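The structures come next, written out as structure tokens.
The two complexes that follow have subunit A in common; it is paired with subunit B in the first and with subunit C in the second.
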Partner chain A sequence: MGERIFFAIAAFGVIASAVGVITLRNPFRAAVALIVSLLSVALIFLLERAPFVAMIQVIVYAGAVVVLFLFVIAYLGDKPPAVGPDPLARYQVLAWLVIIGLGIEGFLALGNSRLPGIRANPFQVSDIGSPRAIGRAFLDSFVAEFEGTSLVLLVAAIGAVLLARRAVLGERGR
Partner chain B sequence: MLIGTLSTHHQATGVPLSWYLALSGAMFLLGLLGVLIRRNPLLLLLAVELMLNASNIALVGFSRYWNVSDGQIFALVVMVVAAAEVVIGLGLIVAVYRQRLALDVDALSRLKG
Partner chain C sequence: MNEPLVIITIEALITVLVVLNAFAFATLWERKLLGRFQARYGPNRAGPVGYMQPLADLLKLVFKEDFVPEGANRVLFQIAPLISVITAVTAIAMIPFGDPIHVDGYTIQLVGANVSVGLLVLFALSGLATYALILGGWASGNKYSLLGAARSAAQLVSYEVAMGLSVVGVLMISRSMSLVDIVHGQESSTWYILLQPVGFIVFLVAAVAETNRPPFDLPEAESELVAGYHTEYAGMKFAMFQMGEYVSMMVISALGATLFLGGYLGPWLPGFVWLVIKIVVLLFLFIWMRATLPRLRYDQLMRFGWKLLLPIATANLVITAIVVAVFFQT
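The block that comes next holds the complex of A and B.
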């Protein structure tokens, strides 16, 4: 029972702060709401027996990624972003239709799933989420993926440097 | 591993997989809604982060369901991709801002505009 109460609290945090992220128009407040959302997701990861992923979530996501967001928001300042009426306003009803349709579809898919034990109490698990298990899985079975992530990060870093360089050159080195 | 002995043994109480999947789906739809209705590219990127996190909840949930680490590995790879995406996305936003253009994705609909 305790786990389900914990889940309810964390899930409420996730959904409430996610609503905040997409409704708050001030980017700074939206980013703070995103921090709450990411920390709640870390709680969910703890419930899912994945302590290592939960820690990485807190350090990398709620730490590094959101701080990067806050830096850029502070750099850009309180610029009034959108001016004038929304030229795509008449298509917004389509967005809501897509969301409602996908929601109904997901509800039906989950309700009709025949996966054994999907709605029952979960099975007990062995040690799958500790740093030792994750490290073993990475180095035993997923070495290629591990190297692939380093390649992705390298390409992203090169791309960021090129973007910044072009922007500086565009301002003639100011 | 204890998979064989545990496969028929349920825990006393716990959270079923379907609850995690429902939460994941709801969070994903909220992120998608944010991507569809927002105009500020910063808020768009925040909404994309919501969608990526929603997928991670489902991945780690299935990892627990099947009692293997694979889903968690996948979630970590998704985090790497998310970090790369944020770096490039924010770099683009700063580049757009330096060109003194409005931060509105609808106004940036033309290449070479």
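The block that comes next holds the complex of A and C.
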């Protein structure tokens, strides 16, 4: 029972703040809503007995990524963009149709799913969330995928440095 | 491990009371020590040798007007100081104060929560603590506060990486992220400062930057930004920011003591006395640095963090990993 209440609070936090992220006009407030959303996801990870992933979620996403967002917003100013006539306004009907369609599809998928744990009570799987298990998964079972991902990230980081360097050189090193 | 809720509650209450009192006196000791470093006496008028000074400060702060500036975001302006205190005080729960004691048939763990990822919880809380500065600075609606907020964001991201890397060496040696296990690991081998001297130095520097203490106090740099992120704060809200800063200073000292200086281990005296001694030594170091070193310029801070501290931490990590893998494989 306690777990259900906890889950309800966390799930409500995720959805409500996610709606806030896309509806709030002020970018700073949207970023604050994003923090709440990410923290609620961390709560759900905790509920799934994955404390390591929960903490990494807080450290990396809530603690570093959004901090960078806020840094940029603080420097560029948080005035919302000039509100003119929305060029996409006439497609709004399509957007609503897609949302309703996705909602129906989700209900149907969940209703007909045979995945374990959806209709039966959740049960404990073997240890997959501890630091040890995650380390083994990264460096034993999925080492190629893991290294591939880190290579992509490295290339992206080098690309960012090169772009920034060109901008700095363009301003004569100032 | 299963303790009655009453005992846990009492434990938590005692810890919080002790820490909040320690905060009050830490401000006094800091001012007294700064006085000595600058060849003067420091506060010595209120009560015997000045020991009533924290009480006098408290009275003054309580009776100040609770003021919200006109351009401020009211909600975030009120929440920001709370974040500062809550994250700092929660972090204490992860620090082990001693071996379990037995009273009247109950086993009492002298640690708030012995979780398997205790170290990560501390890092998560210290990451969230920055939001107090960022949100407070932004919500004030003052450009100096905003500059302080932007600086604290940049500073956190730069130094948290170095700090994280500096402790991974300890994790490799102890093979655990639980602070209790890390202390036990030092019981069977030796203090990790002897095995990880470089890691300790990087940790110490990053810790000063994480807690925004001089010479890394750029978010509040009073010579350029009035008071940075807390320019618009007065009274108890200002006091809460101070409380957050001092409590997180104590927490990070306790963390340094636990990771590198053997935590509560030590001969003759009970465990928590040893931990307090080690915390006080590290706090003294914090104050000493404040009295001695001039504040870095913003670009120096960034260069120092990314071009010096981070490469040292990374090299230390790689060497530790190789040594542990080659010589201590089990």
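The definition used in the following text is that the second predicted complex is superposed on the first by the 158 of 174 C-alpha atoms of A that agree within 3 Å, B and C clash if a C-alpha of one lies under 4 Å from a C-alpha of the other, contacts with A are read in each partner's own complex, and residues count from 1 in each chain.
What we mean here is this: contacts are C-beta pairs under 8 Å (C-beta built on N, C-alpha and C of every residue); 3 or more make two chains touch, one makes a residue touch a chain.
As the structure is a prediction and not an experimental result, all values here were calculated from the model.
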Exercise. Do subunit B and subunit C fit side by side on subunit A after the overlay, or clash?
Worked result: fit
For this session: May I ask you to decide whether A:58 touches subunit B, subunit C, both, or neither, giving the answer as first, second, both or neither?
Result: second
For this session: Go through the superposed model and pick first if A:74 touches only subunit B, second if only subunit C, both, or neither.
Result: second
For this session: Quick one: classify A:88 as touching subunit B (first), subunit C (second), both or neither.
Result: first
Exercise. For A:131, is the partner it touches subunit B (first), subunit C (second), both, or none of the two (neither)?
Worked result: second
For this session: Could you figure out whether subunit B or subunit C reaches more residues of subunit A?
Result: B
Exercise. Is A:47 touching the first partner subunit B, the second partner subunit C, both, or neither of them?
Worked result: first
For this session: Could you tell me if A:35 is touching subunit B, subunit C, both of them or neither one (first, second, both, neither)?
Result: second
Problem set entry | Shortest span in Å between Cα atoms of subunit B and of subunit C, once chain A is used as the common reference | 13
For this session: Across the two complexes, find the residues of subunit A that touch subunit B and also touch subunit C.
Result: 52, 56, 64, 68, 75
Seminar exercise, completed: The answer for subunit A against subunit C in the complex is residues 28, 32, 35, 51-52, 55-56, 58-59, 62-64, 67-68, 70-71, 74-75, 78, 130-131
Exercise. In the complex of these two chains, what residues of subunit B are touching subunit A?
Worked result: 1-3, 6-7, 9-23, 25-27, 29-34, 36-40, 42-43, 45-47, 49-50, 53, 56-57, 60-61, 63-65, 67-70, 72-73, 75-77, 79-88, 90-95, 97-99, 102-104, 106
Exercise. Where on subunit A does subunit B make contact in their complex?
Worked result: 1-4, 7, 11, 14-15, 18-19, 21-22, 25, 27, 30-31, 34, 37-38, 41, 44-45, 47-50, 52-53, 56-57, 60-61, 64-65, 68-69, 72-73, 75-76, 79, 81-83, 86-88, 92, 95-96, 98-99, 102-103, 106, 110, 113, 115, 117-126, 128-129, 133-134, 136-138, 141-142, 145, 148-149, 152-153, 155-157, 159-160, 163-164, 166-167, 170-171
Exercise. What residues of subunit C sit close enough to touch subunit A in their complex?
Worked result: 76, 115-117, 120-121, 123-124, 127-128, 130-131, 134-135, 137-138, 146, 149-150, 153-154, 156-157, 160, 164, 177
